[in-house]
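Residue numbering begins at 1 within each chain, and the chains themselves are lettered A, B, C, D and E in the order written.
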């Protein structure tokens, strides 16, 4: 009963202020908990492992590609292009709205079916709404002579893979 | 009362004015919410990644290692194989060549293997639970289909999931597979392989249809009681029969035996010779090279000889002389399927050999076996036991049909869930230990079990366990691109009359032809294109050995000239291989200069004398066959082709491929073709 | 510093935006507080007033409240778990493993969901027996009791359907055993079993059906009936008072009452006395 | 339309009328209004605050449990391998225990259905509105019914060897006998208490007792092949 | 109260039982004698496989000053983690010998096994025995060399496989000759095997196996040679952690 007596005999105003304190404590920590839960939810929602094909693509041996040839690998959505200077890889995804572009040999350019963007063989935009040229992808030769393309790393244009 | 009063008071204190407890409770709530993510943050794998970073931090190659290091959970995902491996999360240095000196797990470098780690993942070979990111769950989870880690000693089993042929890197697995076939495991246990085929036994359990002609009931009894006490190399396991059971089974087998077609000459002569001249018998035994297949115990007490046929140390105790004689005369009459060749011995030779063998007895084996005449009940009970123990699975027994899948199928034993295993008390509760124990002490796993007792050494048990552990579920669901074509099984039989002759001689017991046959003697598939007809004919008449280093030699069959001619013709015509054109290289008559040049490179450039001998006086080469008479034996075309690429003609031969130029090859061929001096003499003889 | 916070809060709670949302505004007087209940969609199914002694612990043990609490926890955790769950075979089990091993705090959420589910079943039972022994089911509350029974069944079904979703041995065999009971019903049993599993055995179809039941249909039903349940508490005259215990009631009341009129949280925020 | 009638039957839905306190009038009580206007407080904040408090405590407990105890997860579902024993969720184990004794139709269908029906109809019986003790009024008849019921039930359970359910039944029966031979004037408080219990109380208590016993047995005392095991043994 | 006691008692008992099952209490060994020297009499330098028992047991002998075996001397075996001895400690038998079966650890490579006894003054007498565990690559190398190399490189002659060693004008080196092989780098060895002796100005009796064995095979053979070389082979430029 000691509790009771104390509270009964307590001065109203400091009683009130104590209540005020506890209320603030309660609501405050609930607020914090809510905030924490938000960040917790964010952490939870961002996956730690992905079930996606690896960004590194094995494009096979060099001699599969003739000089001045443009080869589209629809699965990994990249162009494998061999020119005099060597090899380079472009993404086949249009920089406008992500449609899959197509190589038009008769025109000698890369065309996007969706909104008519046109790119030349080096990826520079020739026409259409596309905001950026097609990015060049990092390309190298593996130990056993296969051409490897990393779709996740973009390199500045005109860096050819010399053979 | 006091207590309850207190409780009531405290509750009142709590609920009189909710604000205060509300505040406090909210604070605790906040703390509680803080715990969960914290626990998640201090996870095992983070601890190991930090430890790894500390490890590589002050190495000289730290830069490279840190560049390769990927924080967070690492995973190898192979959808077609159903593999999700997160082992690399902790085993960060797995593929780091620089860490070869690091012994502390989980950071060591993976030892070199013929496969890429990322291409096959970890669990395919090591098992364990790939998805797990905690040590305990990853390594010793036992929930099917997650299995505990496969101990290193059985690792070869993992190779066996895809590779069904013998690999040079997996001796243990190969041995285990051979044992499965040789010790009759696959007689009772069906083992289906992913390619749809079934594992075939390689042993030859004798038919018991006419056993009464062959041996005595006493011997059967003693043998049943303990086969290994008759001969240590016996492949028949011990069924741990009680005296009565052994008695009844022997009674049944004798009673059940029927007369075979074999004609049994009464062996007056033999009994005479047995006492007469053992040394003659011994020499005949020797020059017939029986020891190539049959072992005997020598004076020193160690068993020497081949293991293709049964050990003959105590044969005299085992078989009746008249049976032995008729068997030696023509084994096929008694056991049509046997691989014992039909030597064409003369009656006198037969007597000698019979006498010699009949004298090889350890009479104390059956010494203290005394059996009363069998009663019908015993015979009936014997029949019951024979059916019960599945004797008919291996042996052909009159009136008892071979039971189908007599014992549990083992096609997927390698991934049997622990939940389905029944362990004996006190044993390690793992699948490998279960298999080992089951092989060593089958009867410990409960009364009424019929699996017999084998006498295996612990390496043999390891090998068998390894072979069994390779029979997994996964091996049946391997992705297409991983499957390795298992070796072709051929059931080639020589055709025609010569074929019949070769069947009688059981050439294929030792020689492989067109993919079928033993590996004791050279593969004859290319014989026709490699040797001279005349030489072959001579050889069949008197098979002198090509390789003095070998114990095993071709026995001499008393072939008639017509038989030899027939055989020679057949071999010369049937066993040709394409690409060897006899006319391409001149068989004889090359210029002496060329021969001399050949001699030069033979001795200097290629130093063939290291392994071969041409001139017995100076050469001592002992690895390859002597080439003193090679000219009269081999065709020039064959020698030429052989020199250029031996492995193409005989895969796996140890003669190294020297990529010889055509000129060198021609010169050497000329030189070797010139080596036929002794050959001529032989031809004359 | 605290003063400033107070001022900010004060300004906030008197801003037009705030008042447009919480029309009642707030104040220490009864009107504000009644309005706070009445004008909130969620609260208005509660009575604006409650007998003080019903707030004591021994009246209800707060079992109903706690059951609702577990339900809320289950809804939140359940929704979060759904983000990582595919109701397909065998992916469902793989998802369990991922939650266990790679999803941040996935294991914790799953535990929370599972244990809360058990707690809810237990609390629902406890609530029922408590109500019975208090005689709170008596007229005019008999229909609310019936609703309570329905809610109990829904709770059991929720837990039962959720039991299959991990697709492990435990789940599979519990559901196999359980579902076979239903096929023992004389006439419709077999058909019902067939419909429940979408086939004759527990397989991908069954998993999907249980998933839909567990995540959509049953929760909706539960929410609906809970609303009615609360509504009926109010309409049936508030929490049940036992006529036979006025004496103890007073004691409780005396104990439960504090002299000072308690200050609502919001009032403290507004700093009004 | 037709002109309005002067008398409208049906429920008045006049919003201005204050809601009336509902009073229940039993057979033996005359309708007299006892207005105990006891003190009421605002639900907000008083009630809500307490509710929030209760829920907070609950969540804290649950969170702590979840942090320290992991939810079970066994091997992937495998129709070919039946775990032994295959147990339903704990709250169904009472039922499964019954299924061990009775045919599915009885234990799986009949009993649960009856239970639900019983629970539903409880409030619609007037038997214990007054909460009168079972054996206080027309004792002889009730006693006979009770004897019959108890004996019948016990025999039934005994016939099926359902000792797990029989023993609680007997215990409850014993207490009911004790109640039957006690009166509101018994010296012992406990006996007075028992004597005042109405029939519904007895039935529900019996049910609760059975439920607890069966569930506990099914959860802890049943091993492979639903055989009897002792949890503290291994 | 009593129940509580009984329960706790039961728990305690269970605990004890569990423990006792786990650690099989080994009988305490007391040396009744002491030698002055300890030698490995058999089982040294064996080739085994990871996690597998060695083909032969290891036998060590404790001798007195006269070199006669001492009976009843205590010998303890020790080795890197993962290696198991059966028994790990024992008293020498009448001939002064202790025999132990060794199971190697799960990592392939070289293992140092130590046997320790004490002389009269209580000073430790230690002797080392080496054992190597062949991993996949070394195992492959072992099989290959057994087929292709050992006919000449292994002086041991057995009935099954007569050694050609004595027949060679220039004697090949046994693979265990570390002093010879450790001088050669992996590249040199690879060249020697694939191009033959003349390529390295060595005897022409060493044929070229470049077209017979694959590079991986040759690497495997080299790995085997490195494994069995005595003294042990130290790979050059190996990076060791500074700690």
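The rule is simple: a contact is a pair of C-beta atoms (placed from the backbone, for glycine too) under 8 Å apart; a residue touches a chain by one contact, two chains touch by 3 or more.
Just so you know, these numbers come straight off a predicted model, no measurement behind them.
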Hop count on the shortest chain-contact route linking chain A and chain E comes to 2
What chains do chain A and chain B have as common neighbours?
-> C
Of the other chains, whose C-alpha centre is the longest way from the centre of chain E?
-> D
Leading the contact tally is the pair C-D
From the C-alpha centre of chain C to that of chain D, how far is it in Å?
-> 20
Per the centroid of Cα atoms for each chain, what is the distance between chain C and chain E, given in Å?
-> 68
From the C-alpha centre of chain B to that of chain D, how far is it in Å?
-> 70
Just curious, how far off is chain C from chain A if you go by their C-alpha centres, in Å?
-> 40
When you check chain A against every other chain, which residues touch at least two of them?
-> 7, 19, 23-24, 26-27, 40, 43, 48-49
Indicate the residues of chain C shared as contacts by at least two other chains.
-> 55, 97-98, 102, 104-105, 107-108, 257-258, 262-263, 265
Touching at least 2 other chains, the residues of chain E are none
Which chains are in touch, pair by pair?
-> A-B, A-C, B-C, B-D, B-E, C-D
In the complex, go through chain C and note every residue touching chain D.
-> 30, 33-34, 36-37, 43, 46-53, 55, 62, 65-66, 68-70, 72-73, 89-90, 93, 96-97, 100, 107-108, 110-116, 118-119, 121-122, 125, 128-129, 132-133, 135, 137-142, 145-146, 149, 153, 156, 159-160, 163, 166-174, 176-178, 180-182, 184-186, 189, 201-202, 236-237, 241, 244, 246, 249, 253, 257, 262-266
Complex contacts: residues of chain A adjacent to chain B = 1, 3-4, 7, 18-19, 21-30, 32-33, 36-37, 40, 43, 48-49, 51
Which of the residues in chain B come into contact with chain E in the complex?
-> 55, 58-61, 98, 100-103, 108, 111-114, 151-153, 155, 168-172, 458-459, 462, 549, 551, 604-607, 610-611, 620-623, 645, 647, 654, 656-659
Contacts from chain B onto chain A in the complex sit at residues 9, 12-13, 16-17, 19-20, 22-27, 29-30, 33-34, 36-37, 72-73, 75, 77, 79, 86
Chain C residues within the chain B interface of the complex = 55-58, 94, 97-98, 101-102, 104-105, 107-108, 255-258, 262-263, 265
